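Both complexes below contain subunit A, partnered by subunit B and then by subunit C.
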Partner chain A sequence: MAAVTSPNQNLKTSLKYLLLILVALVFVFPIVFMVVSSFKPDAQLLRDTSSFNAFLPVGDVSLDNYFAAFERAPVGLFVFNSILVTAITVIGSLFLCSMAAFAFAFLEFRGKSIVLSIIIATLIVPFETIAVPMLMVVNALPWLGSDGITWGWLNTYHVQIVPFLADALTIFLFVQFFRDLPKELIEAARLDGASWFQVYSLVIVPISGPVFATAAILKFLAMYNQYLWPLMVTQSEQYRPVMVGLQYFFQLNTAWGEVMAYLSMITLPVLAFYLFLQRAFITSIASTGIKG
Partner chain B sequence: MRPTRTKSLQSHSLAGWLMSGPALALVTLFLIVPFLLAFWFSFTNQRLISPNPTQFVGTSNFEQLLGVGALVLEPERTEDGSLIVSETGELSYPRVREFTRNNPDYPQLEGMREWFGWSWGESKVLVLARDLVFMKALTNTLFFVAVVAPLQSGIALLLALMINQKLRGINVFRTVYFMPVVVSIVVVSLLWRFIYDGRSGLLNNLLQFLSFGQFQPIDWLGNPDTAMFAIIVMSIWQAVGFHMVIWLAGLQNIPLTLYEAADIEGATAWQKFRFVTWPGLRNTAVLILVVITMQAFALFAQIDVMTNGGPLDSTQTLVFQAVTRGYEQQNIAGGSAISVLLFLIVLAISLFQRYVTRER
Partner chain C sequence: MAGLSLTQIRKTYGKVEVIKGVDLEIEHGEFVVFVGPSGCGKSTLLRMIAGLEDITGGELKIGDKVVNGVQPRDRGVAMVFQSYALYPHMSVYDNVGFGLRLKKTPKDERDAKIREAARILQMEHLLDRKPAQLSGGQRQRVAIGRAIVRQPEVFLFDEPLSNLDASLRMDMRMEISKLHRDLGATMIYVTHDQVEAMTLADKIVVLNGGVVQQVGSPLELYHRPANLFVAGFIGSPKMNFIDVTVEGGDNVSLRLASPVMATQTVPVSGSGVKAGDRLTLGVRPYDFRLMEDGAFSGTVTLVEQLGNETIVNLALSNGQHLIVALDGDTECSIGQTLKVGFLPEKAAVFDTAGVHLQR
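Up next, the complex of A and B:
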């Protein structure tokens, strides 16, 4: 049916767009304000909040806040730490959780269903409530490093990585996806003499791109944005990630321009990543919900 | 030998345990052990560093947290029995601390503080709590969940309906509405501290502009009446895109033929929503409510960055108190007891939800 555009319909469409745009402004303005403010000196930044200039890069615009932020804190180190910890954790957890989920989805073994129910039950435990007991656990664990066995994991990279290599949500996502794959694929490969690990790595992994993307994106967001745990376990500057680095910007007189510069620096890469891969991000989140 | 029902090539215990083993070991060590430790600590007097050995103290941590009492205060009278009325016409009552401090007649009220109260005729009824901060954290958390769960799901559904229209460039709006989800809640909280600022805050300036200067600026986070609402609005702003996308997936799962049938029947837009869309979203609705409820119970970072529980404990929450006591005050037993109570509440809610949505 060909659409007949009457003036009435045009008006309706315009109103729809107006509403969509107004809502979009609500979501965009705070972020625009953050980025724009990062280029302004403090006095102007505060003055501009009383007018629409708060959202416009006008006046005395410069990169001074960025230079000052780099002087105040080792921003490069924090970003490096965050990227290192996030990357290793994402890759490690994709491997460990997908392999475990493979076993849960395709293999029959004694105790499987009870173990799986326990894992899924842990989904309702908020991390913050077990953070302190977990601190005591990592403080009592040994680690075999370049200088032999050391006790206690505080102030290291691995204390930020190892506890998050396996989590209930990631395992659950993989199990859900694997359960819908055709069993015949696996049986055929087994009859050809493939080991279970070969079935996993050569048959299942190559056809599971979507769930790997979903799990990677969710884990990436969770890890990069982590706050309480790194705050508790990194007393030494050397291992601190970006969110803990924020503390450097809150002294007696908060330099808001520098804060905004730092916030922009740690947020814009993630936003760029998101905008670049927005379709993957959104289908990922959507896919977590479809089966329920 | 019992007959094997599953195909023999699928029962491989060794392979199963080997492949799931590493993940299971990690989940056990870093999720289940800390969880069990929290349970154990909640029945002890464990502190982070203490010269005295840890002792089992039974349920006293819980009694300390949950202890409440009631007190009825009679107005004071003169010796001949007439009421004492102040110059402003108000009745005078005995002080609460006369009952809660070293009063041998009221041992059960020892150490309690006034929580809330109301007038009952000439008398005043007071509810006292042993741990006032915990009680505020509990009620604030329940309030936050009760407001955020329906409000955020509702707004997310409205947004999903808006971006489910067939309009040119609609994906741009979808991308924008989802954007705050990828920004760290810590960053968002800091940014909104600026928006809510009492003097140069963007929100006050916006409201003044819209009201032609009539609006009196409010220190949104510094005022006990507005602080929790300010945090609610910001939390919804940050997370609503996530649930919008889940609603959208649910909407797009509804077969188009149902809408075509409704068109043929001449249904209005509202009737289509009421009789086609909404029934098709039932599972999605349950999922979203559960997810938001769980996330809302875990409210922590916003409080830590924006208010530290203040002003006047108006934004204390259970998780914030659990962390403050367990970590900052090194009172691991007290923090763990709060964590355990939170587990029990969340568990009760998820069991209730399973009961309500069970297959009939």
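Up next, the complex of A and C:
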């Protein structure tokens, strides 16, 4: 039978789409405003905020703000630092947290549920409360680098990476996903002769694309947006990430055009990463070999 | 290839004992079926043999090696799961060859073994597909292929056909039977379907509540069930049970009476039984015949005409129902009164503890 659509249904569909478009605009407008404003001189930028022109590339449009931003701060260095720290942390944490979650989901050991409960309980502790104790800890720790053993981790890349390699949220995400996987897959692999690490690497990881993508996106955002911790542990410009770099622009007279240009530049990697993983997320939804 | 020996095997989860001391000998090359109702412990026992569950007590030997603490991969067993458990991200070829790849089998040898397994199971044309592109029956073949290539000492099947439709189930049953003949391997098969058990097994192990009720060939179990449970479980439709009282008897026969049955003399040993004892008489539906002077008289409440046989549900005067299997062309209608009798030498008698009395 052919599908019948009544005018009433069409109206409903149209209203639904209208609502969705409005919600989408709420999220898109700030980004449009940021990008458009980055091309305008300050005076025009402030003037336009009172009209819809704020979202339109009209008037005196140029790349001047971008040149000025590069002059004011080492934008390339900040972006490089952020991407380096974020990339290493994301890759490291996906590896460590997924292995920890694998142990919690599939292995039997004494105290398993207590340890997992403690890890999950740390989710409710705000970072601000442990920031100062953590600073004192990292300041007293040794590090084996190219110069031999040095004490205190301040003003380095690893001080921004190591404390964030394992976190409760990522472990929790993986545990929840792994627990829903069919147990027979693991048992079949064990009988096929796989070691626990082979079960993890050859069976579990390849079918866990969705949770790896989700965890990667969340971790990327958390790391890329780090402000308080890098501000505390990096006094030297050489190791500072993009968010700390933002304070270079908030001086006595804030140059809003330059701020917008800087923000536009540092937002690009986030958008690119998100779009890339969103595609991976969709294509990696594993079709199950278990009879459903 | 190897046999198995289970001695006083036990399994407890916390305080709950699910396997209560199982003793069992399985010969090399035998096809053994564990059968029993849900929760009887048959799958747990199989998983203990596979090494997927720890053994709480007792000794498990595969061949002449005690394997209680041995890792699953070192036991020389392969298992086919009810859910097939195929790796969804691998092609059929890689699924079948996964075990060989882990064993670091040379590529040529691996390829030959995979193709040989595919030939045996007639799935050469499926090797490049992913599990999601296969039908249920094809997935089952892949799961079996994965077991075959490893050339295990013992094959374990955990309800492998229960997700298939009836006709496919019959085909696969025959294929598994043929596979057993061709490979000559020891196979242990878990099912709750007694037709599968009867058709496949050299030896059936009936389990209930974690205890072995009887071990024997299919016909032994059918004709000489050890107790009421086995008698009721094996055979479809189920055996009819009638409460009877002993009127008298001797060493070779017993006279049994019941308000719903004319007194019958059944050839079983009456030693240890005295007049007035309450026993249970068991008669299989297929052992009833229409007889003018039949022992039972009842009203027909249900008729199922299957062509080759007619299954009749007969209500007796005390409300109890008898299931009677008659010839396919028997004409009868609901509400009609029927008289049926049975051959006393085919009937089974169980004592108060439910144990089958010997002839």
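FYI, the second predicted complex is superposed on the first by the 241 of 292 C-alpha atoms of A that agree within 3 Å, B and C clash if a C-alpha of one lies under 4 Å from a C-alpha of the other, contacts with A are read in each partner's own complex, and residues count from 1 in each chain.
In this text, a contact is a pair of C-beta atoms (placed from the backbone, for glycine too) under 8 Å apart; a residue touches a chain by one contact, two chains touch by 3 or more.
None of the values given here were measured: they were computed from a predicted structure.
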### Query
What is the contact status of A:Val203 with respect to subunit B (first) and subunit C (second): first, second, both, or neither?
second
### Query
Of the two partner chains, subunit B (first) and subunit C (second), which one does A:Leu218 touch, if any: first, second, both, or neither?
neither
### Query
A:Glu187 contacts which: subunit B (first), subunit C (second), both, neither?
both
#### Entry: Touched partner set for A:Ile124, first subunit B, second subunit C, both or neither
first
### Query
Which one hits more subunit A residues, subunit B or subunit C?
B
### Message
Between subunit B and subunit C, whom does A:Met34 touch in the aligned arrangement: first, second, both, or neither?
### Response
first
### Message
Let me test your reading of the model: by the given contact rule, A:Leu165 touches which partner, first (subunit B), second (subunit C), both or neither?
### Response
first
### Query
Once the two structures are fitted together, what part of subunit A is touched by subunit B and by subunit C alike?
187, 190-191, 286-290
#### Entry: Of all residues in subunit C, those that touch subunit A in their complex
50-52, 71-73, 77-79, 81-89, 95, 98-99, 102-103, 130-132, 136, 139, 146, 150, 163
### Message
For a test of understanding, state which residues of subunit B touch subunit A in their complex under the given definition.
### Response
6-7, 9-13, 15-17, 19-24, 26-27, 29-35, 37-38, 41, 159, 162-163, 165, 167, 170, 173-188, 190-192, 194-195, 200-202, 205, 237, 241-242, 245-246, 248-250, 253, 283-284, 286-288, 294, 297-298, 300-301, 304, 319, 322-323, 326-327, 332, 335-336, 338-339, 342-343, 346-347, 350
### subunit B contact footprint on subunit A (complex, rising order)
13, 16-17, 19-20, 23-24, 26-28, 30-31, 33-34, 46, 49-51, 54, 96-97, 99-100, 102-104, 106-110, 112, 115, 118-119, 122-137, 162-168, 171, 187, 190-191, 195-197, 200, 221, 224-225, 227-228, 232, 243, 246, 256, 259, 263, 266-267, 270-271, 273-275, 278, 281-282, 285-290, 292
### Footprint of subunit C on subunit A - complex, ascending
182, 184-185, 187-194, 198, 202-203, 206-207, 286-291
